[in-house]
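Order as written gives the chain letters A, B and C; numbering starts at 1 within each chain.
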Amino acid sequence: MRNASRYALLAAGVALALAYPWIVPNLYLLYAGVLTLMYAATATSWNILGGFTGYVSLGHSAFFGLGAYGTGLLMTRAGWSWIPSLIGSALVVALFAALVGVAAVRVRGASFVIVSIALVSMTNLLVQGWRSLTGGSTGLRVPSPFPDLNRGQSHFAFFYLFLGLLALVMLTWWFISRSRYGAGLRAIREDEDKAESLGVPTAAFKVTAYALSALFVALAGGLYALWFRSLDPIFVFSILIGSYMVLMSLLGGVRHLFGPLLGALIVAPAGEYFLVALGETQVHLAAAGLLLVLVVLFMPEGIIPAAARLVSRPQQASIREEAAG
Amino acid sequence: MTLLLQGLALGVLTGGLYALLASGLSLYFGVMRVVMVAHPAFLFLAAYLTYTLHTASGLDPLLALPVTVPLFFALGVAVQRLLVARLAPENLPMMSVLLTFGLALVIEGLLGTVYTGSYKSVSMDYATRSLTLGAVRLPYDRIVAFAVAALTLAALFTILLKSRFGRALRATIQHREAARLVGIRTERVTGYGFGVGLATAAVGGSVLALITPFFPAAHWAWIGKLMAIIVVGGLGSVLGAALAAVMLGVIESLVLVTVDATWATMMFYVFLFLTLIARPQGFFGGRLAQRF
Amino acid sequence: MVSFRNGVAALALTSLAISACGGAAQEAAAPSATAAGPVKIGISLPLTGDFSEPGKGIQEGYQVWADMVNAKGGLLGRKVELIFRDDASDPNKVSSDYESLISQDKVNLVFGPFSSRLVIPAAQVAESYDMLFVEPAGAAKEVFEQGFERLFYAAPAIASDHYNYLAEYLLALPADKRPRTAAYASLDDPFAMGTAYGLRDKLAAGGIKTVVDEVYPPETTDFAPIAAKIAAAKPDLVVGGTQFEDSVGLVRALQELGSQPRMAAFSTGPTLAEFPAAVKGAAEHIVSPVGWAVSSGFPGNDAFVKRYKEMFKTDANEDAANGFTVGQIVEAAVNAVKCVEQTKECQTKLADHIRQGSFETIVGPLSFDDKGRPEQAHMIQQYIDGKVEIVLPEGSKAQTAKLVYPKKEW
């Protein structure tokens, strides 16, 4: 019975998502929908590392930017068509992430966060400085993959492309969560030293989680490049994009499949709301900061567990959590 | 050759400033394993307060210190007791990053609201003159910055090494439980440690105001650099961070005069990764970095 | 289970809140033509973030223009209403702002945002809705190489032509007085580099040797070593492709390190009111390109300066003037073609009119080439006895003093 209602809800959610472009009254809301899906996809990808292992990377925008630039450069410089560019770029970024990961995951906690921040600054400097290849600060213009579509049709197409990516990332997360590999990653989160002594190959597990999460973020970045078609290093390699992924995951709940998606559905419209309501002055930055502080202080597990505690008896919470994850 | 000497001299002076700016970060990490992303934002908050006091009274910016240092000490204790201490200990390093990231946004937003986004600067008469030593020129504002940094760090070391509070603080850094067992009130000491860390931001902010114009979003450019310094120095080691700061200041300056600015900034991150590969605990620090 | 229900509920709420009627893509192509009511003008500006300061200046310029138009009875007898959105210096926001202004608010016109880096994504949106896009700040040459057909830059010249009068002046000097060497340092930014490199290319072609050519990323916080490099090369001419912070950093450091060029030119920084205080006495004789002057004497300029002062209690600046100029050009076009609707026909008529016409503005008469590039030149300003004077072009109405060269030591 419970399962039946669960599947019904899932089906309703999927149907709603699929119908969204047809029921919104104007292109702006479609555009906002594409952007929200992109955030949801990046946040869920981030959560492959952050949720399972507990390693907080503030620098996933490095992979987002590299994926975007890789796709754009393969198309403009190598003349590839968009699908091989997108996939090729994401694979290269994943390989790069694995190499960085070997150095990065040697350190835990705070040092790892610092490394991730440094990674964004580095990639930004590199792409901005390498003017002859990337166009540097003048940016990179990416050819449209669908030159025959007008703006609205292009939003349509990318809505479903991002939706597909989101589905792919969520399925991956779900598979991992049910696998021995996922159990190993969770063991790292709970107690890394103990996991190691129990025979979990922690280093290899962490590096693969890191690379896998980078792969999907790079795919999102590549799609973004194809959709937005105008890349500028200071905007794609931005610490703010990386921190959005963290904020969304955290707000929804990092231990839950639907956490980052829920977070994205709240944060993206809230950001717009703050801008519109508090526009004119910089108070909206302070409001966003305050929101983050409050979430960290009072809902560190995210909305999903907090809501679950309200709805159900507390002793069931942990079992429920596993089931949902 | 002259250019290299000039670069070296400037690098040492800038490195001294970096040491002051990074010292607070090392302290927070030492006492609480906290990465304080908001530290640069607090630096600029101090710079703005200095600016306000300076323009209102016409006094030398450094005379703002008797006001800003105690204020920031109290603010630091408050941040630790009211915010950081409330975080669940098992995930402290991660959650503290997000908490302080939020704080940085709040500070930037408030500075932007109060002071608007326009550039502010504090220019003293000595700001454009320099001391000539042979072929090398040492700008007075850099000398003042270096001297203030050196004095502050000396005071900090004296406190850490000689005072009862310093001993308690170091004991807390080294082994919290043991410190508690021998009767140190570690909660209070941790709060004060945070206060001292933020007090260094007050000094650092005044010095920054002297040498560069600033605007509310200026803190972003400093986060990566200062973080790299404390990792290279060894997380939690104030002395290590100071040495790494001077080293990186010199390297940055030499690369700038011989190659270009992009590579000069890149050096911070190159050394960060070299450190992680060769010696993850940092070149001067203990083993904290690997464990936390 | 619970996680699930929440996720779906949120999704449902979001789409319920917005699903009013169907058919998104089809509808936007044919915006409704509301004949009555105010003329709504949509503008996205960086009111927060890295570009917030110039963003604010432009906003004030737009406001002064709207205020003066409404005092005259509005556009085609309809009141002008400006709708501002803050893009927080983020290109995703710029796009979403224009997307919502055009498709949701159904604005009659859009005006441009600030910075070359934000103009391109914004113009992409406007272009795909066939909207006229006159902009006050996208001066980098790349802006005009995107194939936009309805984009016009409402200032005298694009970035690489900003120093044209100065280049002419220097190259016309007798050989013994002409600078022999020049050092260039530029922020890695399309606009700042455009100005410095425009001058560099002209001077290099005229035989003035480039001895230092530095580019620094926006993250740079320490300018002393760059200045040391310049000081060591002892150039006759120092050119900074700068914004504010770096122009102050460079000027101070050059002074400290004993570099005494015969001329110093910096873009943007010295045109801001905060500059002289930030560099103390060193501002004297620094030259900069400037697109607008208080003293220009162009028709309407005095009225603009006066009204600005009444509204904002400070003196008008170049950013505000650029915003005002956008308004002037669009106003002239609207009055000439007698329509102000979001429809493709009307927007096309407006764009065609602007492409072919010449416009009297507070920055002088403006006309545009087929890519939307303005065809005039920037003036050159110089600090003389602590005051900003217009020194080039020689013999123009705007000129208030003669260029001082070589400059006094700083």
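Basically, a residue touches a chain if its C-beta (ideal position, glycine included) is under 8 Å from a C-beta of that chain, and two chains touch if they have at least 3 such contacts.
All values derive from a computational prediction rather than experimental measurement.
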Those chains which touch chain C and also touch chain A: B
Farthest chain (mean CA position) relative to chain B: C
Between chain B and chain C, centroid-to-centroid distance (C-alpha), Å: 36
For chain A paired with chain B, centre-to-centre distance based on mean C-alpha positions, whole Å: 31
Where chain B touches two or more other chains at once, by residue number: 109, 112, 117, 224, 262, 265
Residues of chain A whose C-beta touches two or more other chains: 121, 125, 128-129, 281-282, 284-285
Junction residues of chain C, two or more chains touched: 48, 52, 188, 217-219
Chain C residues within the chain A interface of the complex: 1-8, 10-12, 14-15, 18-29, 47-48, 52, 84-86, 88, 90-93, 95-96, 99-100, 102-104, 117, 120-121, 124-125, 128-129, 140, 142, 146, 188-190, 193, 217-219
For the chain B and chain C complex, residues of the former touching the latter: 2-3, 6-7, 10-11, 14, 109, 112, 116-121, 123, 125, 127-130, 132, 137, 139-142, 212-215, 217-218, 221-222, 224-225, 252-253, 256-257, 260-262, 264-265
Interface residues, chain A side, partner chain B - complex: 54-56, 58, 103-104, 106-111, 113-115, 117-122, 125-126, 128-129, 239, 243, 246-247, 250, 281-293, 296-297, 300
Chain C - residues contacting chain B, complex: 48-50, 52-53, 55-56, 188, 214-222, 224-226, 228-229, 231-232, 244-245, 248-249, 252-253, 255-258, 272, 274, 277-282, 410
Chain A residues touching chain C - in the complex, by the definition given at the top: 2, 6, 9-10, 12-13, 16-17, 19-32, 35, 121, 124-125, 128-129, 136-139, 141, 150-153, 155-156, 228-230, 232, 234-235, 240, 253, 256-259, 261-262, 265-266, 269, 272, 275-276, 279-282, 284-285, 303-304, 307-308, 311-312, 320, 323-324
